[in-house]
């Protein structure tokens, strides 16, 4: 099953390159088949437990090992589904938005990179995946032409820098232990200086690539400049890749002393991201920038959850962490698609463009509001589940009033920026007239993930159980 | 002791070149210094018992990167005045970098002196890998997934670069270089073939060979030759893609050919077919790399301008 | 009795089960019907007759309901219905003066209601959730609930010092309305006291002397204040204040002497109701009586009954009052002699006030009567005659039903003497031209002024408001943006270094 | 009744307004008939279902419907006596408001959206009423906030947007804090069903501080919706909404949701014993008393009719809180019955205010002079509502105040009677002048913007009918308070069940 | 402190130094092209480190007579990845410059100065 998931996007990309005319069709086909395969993988994993594979049939240590646990398969499924959705959206709008033909193979490659990343348990292979991911992302950003070149270049430079930091860490670790396989490495781990430095270097590189505060500077410009479907993919999936590796490193490798030292930093950075990202999102005058800053802020939740998880070792935080990732992916995809659709139709990129959008494009606005509800954490959305897990964990730890208050503040900030847009949309006094008749299909497509994130609540109990025990 | 002295001078030279490249006032100087640095680096690696890597570094690190930088420099506006940075702007980063460096160095110094145990495992595995050169075995058998992805990255770079490529202005070619390049081309192809073949047992391999081929092709392209070498040409596209495609198809074939396969293992070559498969994969990979690199460096032939240029040349 | 507690509000019950509610109800009905018939004639050409009858009916219903109420809530319902609807009667003429008076009336009425409400609540709660006031009789009073009830009901009853609205509201209302206000409605306060304040209560018995004194003061104050006014209806209103003082004394005596005083109280209520109603009606038609002896004689009949001439109802009740007072067990500091002599001087003053009233009524010129109100003269005077006749028939009823003692000869003398003395005094006064300086007369009561102040208080134009301090963060934000707007790549990379160093130093 | 569909009864009560609402969203502006019939169909079905449930609950049955949600906290809908009180209130008033809104919004744009959100809002309210545990309550609480917001900003003018922002700022902050509180309580005692007598009693010892914190957090939030003193700021500003919305907001949906939540929290989560053990009632009582007086005091100076009514709401809703906080059965009866009575009275007043605004363009109190002659029926309804607010018998308001006062005396808090008395005076002081203007003063000048909405009646019949209906209702509820159908009897039933456990 | 031989120390120090120089250049160097060069220098430093690490076995003159082939393979892969990324970055840079020169043709003075990131 894993093979299918890896080969399909790869072959798909190649065929798209050979026959660009049928690229959209191939992309949709690939994404849908992959979704089915991912679903089957999920069932397989939930039935038979973790699937571990040593590639090329060589013994552990020499070969690259892949592992599909339930979290990985969930993320793969998410990736495939979002690819399908965004592909449909892009297909519906690519003529109007002048989306380059390059989008299709690139998005397919993105899927390949992500799938490889979710599965891989080899430090160097992860590096290659990261690079693949980074370059694909930049290439996708640069699709929108001149205005995106500079953000894309910044993104690329910092992404490369991050990769190199990571690579240095890998080199040091290999130098110290002589293995690359994470599970083998974990067995031999010693909390000495080289491993600490290596871990730190890798962490910084990954934080840079995942746009975790304070290394998030490149993200808003890049995500805002990209075409709407690309922004959706980037915000929903790409930044999660490095985060995944980060969790892998700290949860599976790091020793107790290292964890204890770094946990407050993670939590603190997460908190700062939440607050400052929220304020930036609240103050920015551009619609897509707002959503992008919201990504910065929401990643802060994941970071915070990671920090708390490391600190308290409470499984609820693991659940919170991954629920945040899942919920944010869906919600952010919806947000970007909705905002992209609205700004494209109403013509303008300022947030004031949204004036009267509740009249002119009610569906898209509804999608944005619903997705925003999950970002805020209104019940019964996925965001709520995550926040609930986080709060439960904190209360169960006892005496964590500071973090609780901070979370409340952050939630309020997110509510403020979401509803800043929503309130504008209800402005009937001075609505912005659409440039052309709004189209229904893209709006429905934007609504779909938003509804999905609310539907997550229906499966909350299995999800919580699954992610709690998983915790990587 | 003398060797140590040599090493010390080499290291000092490397550091000086790098620093000079960073601090030089003119960008063009920086690029030249960087190429020199790359060559020195190749030397250092050769000294460290890694001749195949030295070859690759010379071709890719120094040659290809330098060429790319120069072509980028050519598109850049001429620099009117050198950059001036005030001292605090230069100093503060230096402080932090030194601090960070200290940390990294401290870690590096604590690394164990013995090499990885993987060497032994690799040695044990080579017998079944189909090739005798351990690096090639690792590349195309033990960790072939990395290599596959790496090829994808290369392809991706081409896609990305093509996507953002600016329009190419046709340049007239220089007759002397035209003649030289025509002479050079077959030699380059021969050499590349040897490198590819040697890769199985000696230093050499697909990348070095591909880089060499690409260098030849680039030279020809710079002289307005090879106008058929363009992305819009289906066969070229097929060749570029084939590096990955053949790899994948071989892997799928391998799954089918493995007798009595109960569990599917991705990228496992059947031991008796391994040599052939690897050679095939390498061959196509070389071609693909060469074409990709060529297109990366030389870019698309300017569609109208190129024909115009050719006409003039004729 | 009718038990409605499964239908209407909890505990609702109506019925005339008591010794005093039955005659009270009958008397009120008679007076309402008489005056109602009178207003049928007098308000026939009123432009706002519909409104008049609406409020009249509401008042009527409320009054009857409150008398028949067996539970506190029903009483309260009737009471508030009556009080609020009376407002419509007070401001019926819609003059500025009427509106002012109406405002005062309403303010006090609402205040009284709220006080009554609170008092009733406390009582009901003390009685363990029983709303039937019969069952409250055994429940001891507390100072709070007693004072709330006294104040709430007293504001309606209108004795000193709770009388402010009477002299304002009575003069402005139409004559029949004033008659009812003074004749029946203010008695509702007293009825409430009878119902809700058990006479046998120990606390009430402690407070009774105080009430007695208050009633006495009220009796004197009403007369003295009335003497300083020249408008007949104002004088009558003050007379009501004074008479309510006597009733309050009787109410206090109820605690001091026991239930025996109850017939006297009832008789006094009926007597005063009839007499005051007659006088108010007459005051409304005084202009028509000018020069007509028969009509003036009717007035004198009513006035003399008020003055307690022997054989009149007044004589009966005054005598009985004095008898009860002397029989009462008063605390040591209240001398009975002083009290009875005070009563006698009170009689003088009452008579004096009525003479003053008569003098002022004479001054009302026939020309003051407008054409419109001059219709139906005969019918109205006939009804008036009927009313006065009823008044003079009262002694018979009193003797028959309540067995009030007929005044002995000496007592009759004691009754006549003050009247004669008053006549003498008045004649002297008239002859000698005794007169206070003019500005002592017809002074505006401060009540209106305070009412206006109160209105300003509850209809303020603006109120102090607390606003959030507005903090302008924009400059700060701008500066921050400028500071952060640095080369992105180098800043981020530098931050990376910084973070590395910091985490490293923090002890990984 | 088969047990199978009994289980779905609570759900179907919610769905009976939710589904029509969702369908209405998709309708075009021109499909007026379809929209109206859908709406009324929903109302009818809901009333029918509620009636069914009412009878069963009266017979002592309880309804449960649950969906798995969070671990330890399912989504539970529970139909018990208390929830039914609120459900009946909202369903009946929804009927009135729907008719009113149809008349009110005739010819105005975006009606499908309006009615969609309107139904959504009612669904959320009913859901809130039927919520069986705190998590479910939280869910519907947030849903209510979201569904109401578009109604508040429906006009889309800058003022309404400002009001909407304010509303959101208050209620969403509240929602977050509520989540915090619910999570805290969940971490201490999980989130079982609401049970009479509460369920925290077992955990009181050792967790006093945390429980008090949880209570304070949740009261803070519910206080936002119930407009308790420092948190009332959104309510007067939300007045810019169309009249049916204000009516719904004040009488049923938002404000009442807060009050209802407080009732649930005090009686069914904490329970009287724990409340006493933790000494939580006294501060709440003080706060409510202060709000009662403050709201009335502020209402005095308001010159806008709806603003005055809004401040009146602030004051009146705190009666409910106060009744709950006193922790005595009689006071509880008073609080519960006031929940219904205040709803009916306030909705009457808002209907009338809307009628004045819509028919004559009257927004300010000074423009009301002599309106009693032009629109006697509306003015009469307004007068009844005002008298009810003051607490004059035989209106409904009197009954609730009577019970509240009895309750205060019962628990020995006599000073509260003083508060009631003072508040009654203030109520009279700001309502009676309005009544006076309507009936006793002559019309001064022309009406600001007169419209002939009907040839036969003083205004459109759809505007008039609901006002008459609720005015009669409030009179009947006061007059026939002892009948089995009355809210008073129902409240007594609830209190009996709530207090019976001990 | 360390068990490494002096030759290894020298090379490791050089590798780290290259990393530092590259890092410094990445932070300071105002033009994008120089930053790309700096990244390459960092990469070269890291690859050099890996080469040295692979060389450890030989330097020790232990039983093993081979450099670490895995590391060599990794370096090869890394080199290709690095050059791909560099190529892409340079393509972006070229495009950026072109767009800029198209944009500010009239303002000749600005051309020489590449604006800061």
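All chains are identified by letter, namely A, B, C, D and E, in their written order; residue positions are counted from 1 within each chain.
Keep this in mind: a contact is a pair of C-beta atoms (placed from the backbone, for glycine too) under 8 Å apart; a residue touches a chain by one contact, two chains touch by 3 or more.
The shown structure was predicted, so the numbers you read here are calculated from the model rather than taken from an experiment.
Counted as hops between touching chains, the shortest connection from subunit B to subunit C is 1. For the pair subunit A and subunit C, chains touching both partners: B, D, E. Looking at contact counts per chain pair, the maximum sits at B-E. With centres computed from CA atoms alone, D is the chain lying nearest the middle of all the protein shown. Set against the Cα centre of subunit B, the chain with the most distant centre is C. Ranked by how far their CA centres sit from the centre of subunit E, the chains are topped by C. Centroid to centroid, with C-alpha atoms defining each point, subunit C and subunit D lie 39 Å apart. Per-chain CA centroids place subunit B at a distance of 73 Å from subunit D.
For this pair, subunit D with subunit E, the centres built from the Cα atoms lie 68 Å apart.
Centre-to-centre spacing of subunit A and subunit E amounts to 28 Å, using the average Cα coordinate of each chain.
Looking at subunit B, residues 93, 97, 100, 103-104, 108, 110-112, 115-116, 118, 122, 142-143, 146, 150, 153, 156-157, 160, 164 sit in touch with two or more other chains. Residues of subunit E in contact with two or more other chains: 19, 23, 26-28, 30, 35-36, 49, 53, 70-71, 74, 77, 81, 84-85, 88, 92-93, 95, 117. Multi-chain contact residues, meaning those touching two or more other chains, occur in subunit A at positions 62, 124, 128, 131, 135, 138-139, 142, 149, 152, 154, 157, 161, 168, 172, 174-175, 196-197, 200-201.
By the document's touch criterion, interfaces exist between A-B, A-C, A-D, A-E, B-C, B-E, C-D, C-E.
Residues 477, 488-489, 491-493, 495-496, 499-500, 503-504, 506-508 of subunit C touch subunit A in their complex.
Residues of subunit E that touch subunit C in their complex: 23, 26-28, 30, 35, 116-117. Residue ranges on subunit E touching subunit B, taken from their complex, read 1-25, 27-31, 33-34, 36-38, 40-41, 44, 47-49, 51-60, 62, 64, 66-77, 79-88, 90-95, 97-98, 100-101, 109, 111-114. For subunit C in complex with subunit E, the touching residues are 486-490, 493-494, 497.
Considering their complex, residues 67-71, 75, 110, 113, 135, 138-139, 142, 146, 149-150, 153-158, 161, 164-165, 168-169, 172-173, 175-177, 179-180, 183-184, 186-188 of subunit D touch subunit A.
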